[in-house]
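Please read through the structure below; I'll follow up with questions.
Just so it is clear, A, B, C and D label the chains in written order, and each chain counts residues from 1 on its own.
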Amino acid sequence: MTETKNPARRIRLGMVGGGQGAFIGAVHRIAARLDDRYELVAGALSSKPDIARASAAELFIAPDRSYDSFADMAKQEAAREDGIDACAIVTPNHLHFPAAMAMLDAGIHVICDKPLCLNVEEAELLAAKVRETGLLFALTHNYTAYPMVREARQMVRDGKLGDIRLVQVEYPQGWMATRVEDTDNKQAHWRADPAKAGMGGALGDIGTHAHNLADFVTGLEISELCADIDAIVPGRKLDDNVQILLRYDNGARGMLWASQVAIGHENGLRLRVYGDKGGIEWAQEHPNHLHFRPLDGRPELMTRGGAGIGSAGLRGVRVPPGHPEGYLEGFANLYTDFADQLIARITNGKADPASMLIPGINEGVKGMKFVEAVVRSSQRGAVWVSF
Amino acid sequence: MTETKNPARRIRLGMVGGGQGAFIGAVHRIAARLDDRYELVAGALSSKPDIARASAAELFIAPDRSYDSFADMAKQEAAREDGIDACAIVTPNHLHFPAAMAMLDAGIHVICDKPLCLNVEEAELLAAKVRETGLLFALTHNYTAYPMVREARQMVRDGKLGDIRLVQVEYPQGWMATRVEDTDNKQAHWRADPAKAGMGGALGDIGTHAHNLADFVTGLEISELCADIDAIVPGRKLDDNVQILLRYDNGARGMLWASQVAIGHENGLRLRVYGDKGGIEWAQEHPNHLHFRPLDGRPELMTRGGAGIGSAGLRGVRVPPGHPEGYLEGFANLYTDFADQLIARITNGKADPASMLIPGINEGVKGMKFVEAVVRSSQRGAVWVSF
Amino acid sequence: MTETKNPARRIRLGMVGGGQGAFIGAVHRIAARLDDRYELVAGALSSKPDIARASAAELFIAPDRSYDSFADMAKQEAAREDGIDACAIVTPNHLHFPAAMAMLDAGIHVICDKPLCLNVEEAELLAAKVRETGLLFALTHNYTAYPMVREARQMVRDGKLGDIRLVQVEYPQGWMATRVEDTDNKQAHWRADPAKAGMGGALGDIGTHAHNLADFVTGLEISELCADIDAIVPGRKLDDNVQILLRYDNGARGMLWASQVAIGHENGLRLRVYGDKGGIEWAQEHPNHLHFRPLDGRPELMTRGGAGIGSAGLRGVRVPPGHPEGYLEGFANLYTDFADQLIARITNGKADPASMLIPGINEGVKGMKFVEAVVRSSQRGAVWVSF
Amino acid sequence: MTETKNPARRIRLGMVGGGQGAFIGAVHRIAARLDDRYELVAGALSSKPDIARASAAELFIAPDRSYDSFADMAKQEAAREDGIDACAIVTPNHLHFPAAMAMLDAGIHVICDKPLCLNVEEAELLAAKVRETGLLFALTHNYTAYPMVREARQMVRDGKLGDIRLVQVEYPQGWMATRVEDTDNKQAHWRADPAKAGMGGALGDIGTHAHNLADFVTGLEISELCADIDAIVPGRKLDDNVQILLRYDNGARGMLWASQVAIGHENGLRLRVYGDKGGIEWAQEHPNHLHFRPLDGRPELMTRGGAGIGSAGLRGVRVPPGHPEGYLEGFANLYTDFADQLIARITNGKADPASMLIPGINEGVKGMKFVEAVVRSSQRGAVWVSF
């Protein structure tokens, strides 16, 4: 269990996008809070000023640091003594480029959601700017930050798999199997719109994750590829199914499949890598497990924090083996539900009845009675006792 | 995705225990931060004053609100205008009772780790105090706060399983299969010491979780039990294996097994409940899944946030289906690693090399090149293109 | 792959029970045929003479060796030069005793389905008779004959698990969760009738399997037990749920659960054994896998015929690793469907249309075209070719 | 449970190949015996006469019906009144064509192992001969004969998946990850030799199975394919890794991967098919399960013989749900081990000690004592009783 040591002060964070109704912005905020190294102090949370302001208030951002545009935020924060150190960009794809440029120009470090931008031209302009300014830039290919993925990468580097021969990576989802972009599904709208998503649909949204994950773990470079991408759902403007044959620079072969019309899959990112000494498999939906299959040995289950995990895989581990990542969220649910009760009490309001699900003093008394009854039964020779 | 709306201000939280080297204290703090409803402002983090102070500093607690004893903290915080609203108690079991009493006496709400205390007598004194003061009291039986556990409970209430007939609950762990209490394992020390853990070893530590989980989901009351508990490891002072036959008030039968010497199990809490219309199964190590097996139907896989989940199961869900709880931790790893880089930059220090694992601008450019190459290959008729 | 060497002649087998409509009799016959060491030459297949005769005809048994009673069969077969060597007894439980006694008295070896008989008294009479006659007697506790179960037993003997501490065995089924004995379900009728099944319901039917499996693998003896058995379904005459705490002679503890009202389970026999050096788990529904979890090591997946399997686990293996037991049945389906076509052709009858599902010459041509197209595409540089 | 009704007489079967040391020949023989519709009466079991004769003797084939060549067998059997009805061809690939032609020319029906032959030219000659003679011809693509595969096919036909959009089929194995063809591995020798295997290595051996399975279930025709096949292991003469992009005539897309160098996979044939109404998944290593994932519904587990299985999936089912295919082999192990004892007794030989693992009268007595102890404990109020 590591709650990492805190620095002298928290990093001051700004955010572009992520106002009410957004998905990934909230994820970024929780991620920033988890280890208590950031405080969110400024935001251009929406292009609609009233939504921006209301969202900021909910997030304890001071009114004067809620901005109507990212350009204003960059300029004004750069001018403050206590201005933001870094800015998270969590908008649809097409705004990544201008927002990131504005921050870099203002001397602010950037955390940007993926994919980086709309095309290679924008990407190279950004790369030049990062080099020129010397600022830090993080791209949230979050799947590379699971402990067992980092362990997998280290195993490849340590030669545990030998020379890599085959890469199989897939990322099936099913949620766009129908014309969800014609419904009020906000996530689908921009993803299916070339003006906002760029030239790739499933390709940009999840194909880039699959590509990045395989790159990260194997350390190989693709030398050639042959791709067949299609809009399977009639009338869709961007691809929703991606099939690629890969050839790597060391001669290895690979296949990549990404789909948003594979009904029944929720978020099925899965990587398999095979070398001449062994193979590994990791699936995002069970991220605490890494399967290692050595040549001539038995398949081994490697677990986060479990037997024989090296330093790469131990970094970023917060809970013990067998407590799945997610244990923290369960714990947080208790705290949050209890907060509802407390707030109701403090404000003379009414607690949400659902918050009453959290265990309290009665459950505690009952637990003690249970312990005593068990001990009593066992001490008397394991006989029945009433409870 | 729900990042719940924030109240007008954050709840002011104190903590007893949880200083450097502790496990569950850090879990409580992360849980409190996750939804941004609490701020940790005071602590009696260790019985050793210097550790208490050093721990407080790391947690951004003001020096004058780091206390040498919980008694002092209760008294002084109660006297402040901006004193703590609530206090988390995360000490070994034997201190739960005095610390909780001190807080309740001072008019402070309590969040207490389980088990409640050392015996029924203490438990009933606490219960009386809670009734008398009217204060709120939460006991962190955290396994009941997983969305799919709450969904399971609601299914039982809604009659989806019919009349409950059988309960099978087990909680095997293997980490105490040897004399770990003779090593420097701090977690094992107090758990194997009757003076600190109380009359139950595995019974109090994990048996109470199993008991509480079955209670929570089924809503049944145990009427009789027959228990055989043992210290399997020679020389151990408290039980490490618990086997119980259960009889419920409605005539249902049950079995409970909790063990800390079942080698190979990490944290294998698992509940199965069978009624006359169907059965369910939930396992803590895969908490996003609930298996429902209806009479005469096919087994169904229920997923957190997935098809047909009711309001009970949707509460406390932060990420979409298929993004396991744990997705947030992966994301947080990126933020934390990036913070290492930022802090190094801000302080002219050196970044931890491992923090360089996070994707940056180069990965972004490469991703864009990948998208363009894929589109180019596909547009030319799915032919090979160099990359 | 071992198709064991055949002896000079096949063993001549008789059968008591197993006429039209029976379940376990057909299983015994297939089992006897699989390795080609038996030929079924005589039978008292039903207590109803016409059914006995019709059943015998279908099984290619000569009319003069189809008997109306097991007593007749025992007497007349014993008198023949080419009389049966051994007899399989596959009746409901209450006939096991008299049929086995008749065979033993006639000098015929016995293969008897489980449980042995109705009570300990009958059992000991049979045991005395076996001793006295020196004849061979097999009881078909079939679950002990899976290769991975035998491997598990050997691992215990070889000390791979160290001293055994805990045994967890369970056998949940759900098919008797309603009053199936009131329907025309022939299997349920006699199992729910104390006159035919004996004093145990689920206990005799599947509890004895669970008991035998744990015995077989661990080699331990139960010294004491505490059992709670119930007829959960209202009005049922015999138990349908069995819960037992066990104490073994070496001090180990155990639990046994057998149920026929656990909705959603088909045939969930599962054994877990824990020693001071490691634990194992085997589940009948995935019989080719054995999970081994060593102290301080990573969990290993042991597969039938796979890496590191010893001679105990290799005996009785017919197909390579990864070809599940069941591969043979799939193969047999092709042969049987093809037989339907052949028989139709030979007899000028009409083939069952379903037999047309088997692949034939067209599939063969298509397969060759596929191979050639693939090679053509690849040889041209991995380009698209029409098919 | 269906042990299908037998015809008036068994089919008389011959076999080409399958002598001592062969693998697939023994599988064919077991498959033929399982439902008791065939008797093996003739064979040209090896090209080496002495091995042919010794093999025939072990299989109870009369000496005058053991032939030195398939040509002799075809001619002489065709001339006999009681000649073979059908012949199984289980040689390496290169002999399939001449042996099949010889049988067809002699008026004998053919069961041929896959792949059909060495190339399309041979395939079309065979197809012409089958048409011309009107004889029956079965190709043992055995994976299509699993009940759940047939159920899957029927589901596609019944529109349960809607219009098919995507096909993902893979067949990874790892056993040829090293130069096994340089060892004494007989299976590897001919598979790695173009003269015996044909133009495809992994392609012909397992790629054709994958192709056939996808065809069988979907009923779609491939219109175009783009393939990248390689010999990954240095010095290997035939491909050991196959990667293919597929386009189907209805517009569906597909990917096929077959590999014999994917370390850690035993026999990983797996098919996933997605339509606009749902998806299915089947894996050969767990053949009793079919996963069905309907649009907007919960994933369902379909089990062989379980809830809602139609006539397609019920055909060829021999054991109840939850008794995996493989149950029969476990049962057969008991019969075979018992046969060892019986034969030893009959011939005054010594039984193989391993045959003593089968349960006998002592286990039966113990089982009865167990039942009585359990009932006694329970009747006395569920108290401890000695055993």
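As a working rule, a residue touches a chain if its C-beta (ideal position, glycine included) is under 8 Å from a C-beta of that chain, and two chains touch if they have at least 3 such contacts.
Quantities reported herein were computed from a predicted structural model and do not represent experimental measurements.
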Can you list every chain that touches chain A and also touches chain B?
C, D
Can you check which chain pair, B-C or C-D, has more C-beta pairs in contact?
C-D
Looking at C-alpha means, what's the farthest chain from chain A?
C
Find the geometric centre of each of chain A and chain C from their Cα atoms only, then give the gap between the two centres in Å, rounded to an integer.
49
Chain B to chain C, mean C-alpha position gap in Å, rounds to 44
Between chain C and chain D, what is the gap in Å from one C-alpha centre to the other?
21
Residue ranges of chain A touching at least 2 other chains are 226, 228, 245, 247, 265, 299, 303, 306, 382-384
Could you list, by residue number, the parts of chain C that touch chain B in their complex?
165-166, 168, 170, 174, 177-178, 226, 228, 230, 232, 241, 243, 245, 247, 253, 255, 257, 259, 261-265, 272, 274-279, 281, 291, 293-295, 299, 381-384
Inside the complex, what are the residues of chain D that reach chain B?
226, 245, 292, 296-303, 306-308, 382
